[in-house]
Amino acid sequence: MKNNIVLGVIGADCHAVGNRILDYAFTEAGFEVINIGVLSSQEDFINAAIETNARAILVSSLYGHGEIDCRGLREKCEEAGLKDILLYAGGNLVVGKQDWESVEKRFKDMGFNRVYAPGTTPQMGIRDLKEDLKIV
Amino acid sequence: MELKNKKWTEAEFNKVREEVLTHWPTGKDVDLQEAAQFLKGIPEHKNFAAKLRKAKQEGITLAQPRAGVALVDEHIKLLQHLQNEGEADFLPCTIDSYTRQNRYNECQVGIEESIKTNRSMLNGFPAVNHGVHNCRKVLAAVETPLQARHGTPDSRLLAEIIHAGGWTSNEGGGISYNIPYAKSVSVERSLLDWQYCDRLAGLYEEMGIEINREPFGPLTGTLVPPSMSNAVAIIEGLLAAEQGVKSLTLGYGQCGNLVQDVAAIRSLIELSEEYFKTYGYKVDLTTVFHQWMGGFPADESKAFGVISWGAATAALAGATKVIVKTPHEAVGIPTMEANAQGIKATKQTLNLLKGQRLQMSKELELEIKLIKAETKCILDKVLELGKGDFAIGTVKAFEAGVIDVPFAPSKYNVGKMLPARDNNGAVRYLEFGNIPMTKEIKDFNKQLLEERAKSEGRQVSFQMVVDDIYAVGKGTLVGKPEK
Amino acid sequence: MELKNKKWTEAEFNKVREEVLTHWPTGKDVDLQEAAQFLKGIPEHKNFAAKLRKAKQEGITLAQPRAGVALVDEHIKLLQHLQNEGEADFLPCTIDSYTRQNRYNECQVGIEESIKTNRSMLNGFPAVNHGVHNCRKVLAAVETPLQARHGTPDSRLLAEIIHAGGWTSNEGGGISYNIPYAKSVSVERSLLDWQYCDRLAGLYEEMGIEINREPFGPLTGTLVPPSMSNAVAIIEGLLAAEQGVKSLTLGYGQCGNLVQDVAAIRSLIELSEEYFKTYGYKVDLTTVFHQWMGGFPADESKAFGVISWGAATAALAGATKVIVKTPHEAVGIPTMEANAQGIKATKQTLNLLKGQRLQMSKELELEIKLIKAETKCILDKVLELGKGDFAIGTVKAFEAGVIDVPFAPSKYNVGKMLPARDNNGAVRYLEFGNIPMTKEIKDFNKQLLEERAKSEGRQVSFQMVVDDIYAVGKGTLVGKPEK
Amino acid sequence: MKNNIVLGVIGADCHAVGNRILDYAFTEAGFEVINIGVLSSQEDFINAAIETNARAILVSSLYGHGEIDCRGLREKCEEAGLKDILLYAGGNLVVGKQDWESVEKRFKDMGFNRVYAPGTTPQMGIRDLKEDLKIV
């Protein structure tokens, strides 16, 4: 089974640099990256995941609106039949400098499997994804 | 309407305007005559163009933060803090990202949630939703000029509202607020929409009101070679001037090598003035230098080092204005206290350096010459593609990859060009893609990057670019291979 | 013993040494042979001279804070924080002010009170009272070389103890640790006492152990014209070399004008190497740049601006080492956290500027020439007064006011010279007193200050000097008249 | 009556710059300044005050040892017959960044009439001294 993953930047966010680097790093690490780019809606992520039979959706948000933009994504995935898909989120997820643990909790409560603080390296996400997908 | 670099007629403008003002209910409150009267009553120290001109005459560099929150009263509190505690010379109203995509309904959600949760759920001030009256309320609460800073491909309604609201400057341009900020807005579309914004500023000028316009220099803010950002700045400057803009601030984002940064500002001034002269535009030209736009160190003391070095470079370059980062940069939108801290470190540095310039050296002269030559290669081709029309030429130049912005989200950007730093940290072209340059220039760029690769014991590659992107956040300018 | 610039004989040294080691009970624990064995066992990364040489070869600038508290364990905790959190390249042991006056009894009171009150009642580490064993304990606890930094006219016992304790560098000199730090110690006395310290370092060198010596460049740290501090640095360097010192770090305190600061470091290197060559000394020469030594802004963000600009200047000048200030500077001795913050801002700036130098310009060339010419005027006269002997000449030069340090407490300093800034912030001579300079140089200094006075609409006067002293603390470099 | 004042830097402290400026400023303001300079002991201050019949002693301390150095000065003044002499202290009086109010209180408890925080202008001291000496 191929390890397809959907990568994108959610909402009205147009930060493209990190997206390029994540694409590069996850591809190098052996994943098949379906990169839907910046300014992507929840529907864009879900459609791409269905079309490519992806095992994980990696959501970036750099502009602070992540909390609004990510709400309901888990529920919509389930409605669309993506029952066990992994949801990761990372970037600058909220406006301002907030206590990281409470941010992480809010996103986990929303149904995200992994949540990453600002400044996390791609390698961290790659390691986790391999672990979660049981890839040695 | 067909795109060409030609001043819009009154009929053309009014026809579009009628429609623009219907995009959101607040549009109906904009009355150009009433706004002109209001703007005439604004004291000179609150006019952006006037304050910039004074700074240019005195040879000093003024400081401006970025800042904006969802609610009017909170926004005023924020700006007053930056003015009183931070001693900001200019105040911004950073516009939220939904407004930038003209998604005013979502702004409304953000405003309501912000009221409910008692914290800003938007990353900026939704000026269109708040309308003319509230923009004026913000202006009345501060003692510096105000500017909208955003990243909006279609800023027409926003421009109408902020200028009528007394904000005497608008940042952006048809290239610089499209290519780095949108995925699927055509260059033709955004150039037209920004001609509207420029024409609006021009109309105010014709009524005797100075409105400053500032194309967004740094583009994607990530390893953009100075000649590429300067080419875009000059095109946007020329297009604005054609629509009647008189006060123009051209910008550049710090790359980090002092000689290159100073050369970028100097060549930007010299070359744009040359073009304005050639095309017969009378423009009051000033410059803005953006402190480091890339990744920041998370440590606040280290961030102060990055901020202060940006301030020092701005002063040594002789920029009229510097856009200030904050010690919270690495973690997202700063608190107002952190924002004021960034301004204070900047202003202290600017004051210490008052009157000091980087003196002319062999190296500076060479770098100015190089940037000018590279910029000319691009601009000559744009003009050729447009058969003498910079607007048409720009559309074609993007199609052809003659203008090519690194790491841009837009699908209208070819994205074949790849930049990297040389051994001294100056940003060079690693891949030219379709950017037309002379063999001499290409060889020179290549040689510099091969020198670096050699000294690092590796090949010139994309990994070098990735290392450069992370480098400042990790404490250095040039990204070295992991040991 | 009669002062002359001549290497002490073994007999001369040993005779004095016998007495010196009785000044405080801890003196009896110093055994030169045992110490030499101990020093030979210290790994290279903890040797000051070796680390400096490596930095010089790599063309990088290393950072060192100031720090010292009364008790050994607290001092270790402080140094470890500066090393681990601050990433300091070199660590200091700043010695308390009682030790500097050889008032070891009062140190003892300070140590006891510090234990009782659980806070440091001394402004530094009383190394003589703590003795060789404790100095070694401090060295064992850190991973960088250690240096004593103080301001002690008679540092003989201190030097014995710290070097035997494994600290491989000692700051100071017969002029620079007397004139700015004492009221009534004769120049002759302190030159002799520092010949002892230099001879001790020379003895270690002869036993194959590298010991670095660093004359204190900034003197009073207040508007000292570069030519005056360079003249003193070169004299102290020559006197040290005569006693067998091989690793020498000459220093300079930031004045604030970039061109002048870079010119000061460049001319210091070039001129001192010229003199070393003339007199046949083989010296491993490095330089140290002190971040702004004058009044600081109380606001910590503004202090970061001052600190970072000092770091940037050090890098652009190509200094081997930079001495770091802290954001607490305005209020006194910093917490260890604030101290680490200063180092981090500095190191970030140094890393960003790695490899970047201020390029040669017409202005830089002129300034280097001017500083060299002024310094030569002083040194030529010193040599003339000493009939070819720099030590004797120095004593006579202070008597005659040929060397004259502004704002010095010493009664052996004539104090007729007065400095002030020109319009660009460079420090010039306002009153020369008896300092011998050519008419051309005098006229040039005068002209620059009159230009400033004219632009400020006032006369050249002492008030200008007062305004300059307060200026940086108030946010600017040049002190303007109150409005 | 002449307004003689004794100015100096106490203890093992050799900070001379502020001393020069205070000398200049108080002289300009009409006081007769007896400047005993840096590195001055309590005895130096008292002797100078007796010899010149001074009305105030201005003690500077910039190096953090002020607390040790100033202790007992009031008592020694009284022993020497300087009953009502004004004692001012200013500079960086203690080691490190401490709560100013507690520093001020400690010095006032030691018998100082006025205590000045770091960064005070000479003009402030001149104004206070004129007030305390009832000079218009």
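The first chain written gets the first letter, and so on, giving A, B, C and D; residue counts start at 1 in each chain.
Here is the rule we use: a contact is a pair of C-beta atoms (placed from the backbone, for glycine too) under 8 Å apart; a residue touches a chain by one contact, two chains touch by 3 or more.
The chain list, named the UniProt way, goes like this: A, D = Glutamate mutase sigma subunit; B, C = Glutamate mutase epsilon subunit.
Keep in mind the model is a prediction, meaning the values are calculated, not measured.
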Per Cα centroids, the chain farthest from chain D: A
Euclidean distance of C-alpha centroids - chain B vs chain D, Å: 55
Chain centre separation in whole Å, for chain D relative to chain A (CA means): 66
Chain A and chain B, separation of their C-alpha mean positions in angstrom: 29
Arrangement of touching chains [line / ring / star / complete / other]: line
Pairs of chains satisfying the touch condition: A-B, B-C, C-D
Residues on chain A engaged by chain B in the complex (per definition of touch): 9, 11-17, 19-21, 24-25, 37-39, 63-65, 67-68, 92, 94-97, 118-119
Footprint of chain A on chain B - complex, ascending: 96-98, 100-101, 103, 106, 109-110, 113, 119-123, 151, 180-184, 220, 222, 298, 328, 330-335, 338, 407-409, 462, 466, 469, 473
Residues of chain C touching chain B in the complex: 256-259, 297, 299-309, 311-312, 316, 340-342, 344-349, 351-356, 359-364, 423-425, 472, 475-478
